[in-house]
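Consider the two complexes below, in which chain A is the common component and chain B and chain C are the respective partners.
Moving on to the complex of A and B:
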């Protein structure tokens, strides 16, 4: 977390890349103010997912190159705590980036996605995403083509979370109550719990091996 | 390996010295056989936490965060080691290795030799019972080799163990009381 506070690499990469994606859609759209809620929510979350995976593969390749993860693993700290620490820091930086992206989206598309739905979608999505990206980021950092590998491993697994986040954001953009809000929220939380429990267990096993 | 032993593992490039040290430190699991460090298994939680508390490791790579200053690096690892008076300890090891003037400088700005000293300082933070060092004398000048040698000798006098590899004859002759050769996967005492 200290490194990111100094370098701001993750936040800058995620925010800049996402802003570029959102800007391209804004300038290529004939009438940005009339953008459908469905496409708008897709733009927001697609840009976050892709920029997040690029930023994280860069971050973990630095860790691999400098062997700093090994340095931490040599310390008398339970492996699970190391995993949770990484998830927590990514969660925080992702949230900061998303606030900036949503602000930019509001300005460029003259629409306000900020609603109770997106305020719920952000933490639930971020927890699951941070969990999966940390796990696969560490695994894929051993590979030469880690940037592509991380994205390829990450996206199929977090599709349910992307669906959850886009559904809630769409409801927020349309300004109407989501019909299946409880179902989507339960699905999002369920995936978070499964990712957290299963990947924490697997992370310990992989490191031990 | 007994208390106070200072063992140097010799061998040609690629003979497996670094791999052996990685196995002892718990970073690599052996394909077969068992390893006991301080009578405990270095690969099993939570008993390996005890070993990690008592072990210092200096590998080929310096294992430091390049964007952070030397002080930030040493303070971070001291906290992970549970050192309560970590500020004092950071200053002590920095003084011992003559790198106090670099404490507020980012690691990537330091020369290779000073990065090596910084990494050595990290491995000494917990005053380890066992020091595992892979070519500690790599990339350093003669004065620093002298400083490192003195630290190895002082540690042996305090009944602390050192296990290291080196290609520098002056260094390993001065620092070790036992020498072993690793050849075709087998270790023999010289």
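Moving on to the complex of A and C:
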């Protein structure tokens, strides 16, 4: 994280890539101001997932190149704390990228996606996403074609989380109460808890490999 | 001897299924000829779902026992399971268009099947991209287990998303009285048996091939 604060390479990658993705949707839409909520929420989360996964693969390839993970593992702290630390740093990067994407979306599509629903969706999504991306990022950094491998492993696993976030954002864009809000929220929280527990346990196992 | 007997039985079951599908079974009144795709779609859906469960079980066994034959079996099951899933998805799409008027819908079973297919494709891609060795095998087993843990969550998400798929009409999970005639049920069960025998045979051949390759690399 300190290396990133100095180089700002990942933040720049996230900023430019997320702006590019939202801009592509804006220029290919004949009437961006009149976009349906369903498509709008899809654009927001597709941009977040793709810019997030690209930036994360860069993050882990840097780690592999500088052998920072090996250095961190030498510290006398429980391995679970290292995992939680990585989740926290990715959570922050992702939040920055989401702020940028939502701002770009609001300007380019003349629409306001900010609502209580998206404010609930963001932390729940970020926790699950950071948890899964940390785990698969460390695995894929050891392989050739790590960028493509991370995306291939990550996206199918987090589909329930994407559905959760998209559904809540759609309700926010439409300005109506979300149907099945409790069910969606319980799904998002269930995903986070299951993957946080399971991947924390498995993290030690893959580090041993 | 046993291998030849197995080949004869599974070959005969396949031929019998083809005869039943195209000649013996009556045409369904509402859907017409296209309904016969059921006898392909359901057995391959069954085979791919069994493969996914079996990959998770064999991966778990590999992580517990550390015996390489469990990993080879998991890989063979995943490869044959992915091919079965392709047949299932393709036959489902071809069936949906004339019956529902659309190629695809975001329904729970369809979404779950598609995502599980993608997870097991990623599992196989990982096996090819990661440097071979013990670490690759153990991480692949962990990925298979994560896929298995994720599947009920995917199904739950897809259930909330939309529910307009035809109800199960045959078997213990049937939610309504079966609309299939007895000839149709017999044909369906024969096709399931034939595809299962074929599936086991191909998995076995693939398992032997992978095991031989592994021995050569050692």
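In this section, the second predicted complex is superposed on the first by the 208 of 209 C-alpha atoms of A that agree within 3 Å, B and C clash if a C-alpha of one lies under 4 Å from a C-alpha of the other, contacts with A are read in each partner's own complex, and residues count from 1 in each chain.
Heads up, the rule we're going with is that a contact is a pair of C-beta atoms (placed from the backbone, for glycine too) under 8 Å apart; a residue touches a chain by one contact, two chains touch by 3 or more.
Bear in mind the structure is a predicted one, so any value in this text is a computation, not a measurement.
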- Query: What is the contact status of A:163 with respect to chain B (first) and chain C (second): first, second, both, or neither?
  - Reply: second
- Using the superposition described at the top, determine whether chain B or chain C touches more residues of chain A. C
- Task: Examine A:75 and indicate which partner it touches, taking first as chain B and second as chain C; both and neither are also allowed.
- Result: first
- Task: Considering only touches as defined above, state whether A:204 meets chain B (first), chain C (second), both or neither.
- Result: first
- Item | Overlap of chain C and chain B interfaces on chain A (superposed complexes) | 209
- Message: Residue numbers of chain B touching chain A in their complex, please.
- Response: 25-27, 29, 43-46, 49-50, 52-53, 55, 57, 59, 61-68, 72, 76-77, 80-82, 122
- Item | Touching residues on chain C, where the partner in the complex is chain A | 111, 115, 118-119, 121-122, 125-126, 129-131, 134-135, 138-139, 142-143, 146-147, 149-150, 153-154, 156-158, 160-161
- Message: Touching residues of chain A toward chain B in the complex: what are they?
- Response: 2-3, 6-7, 66-68, 70-79, 204, 208-209
- chain A to chain C touching residues, read off their complex: 139-140, 142-145, 149, 152-153, 155-157, 159-160, 163-164, 167, 180, 183-184, 187, 190-191, 194, 198-199, 202, 205-206, 209
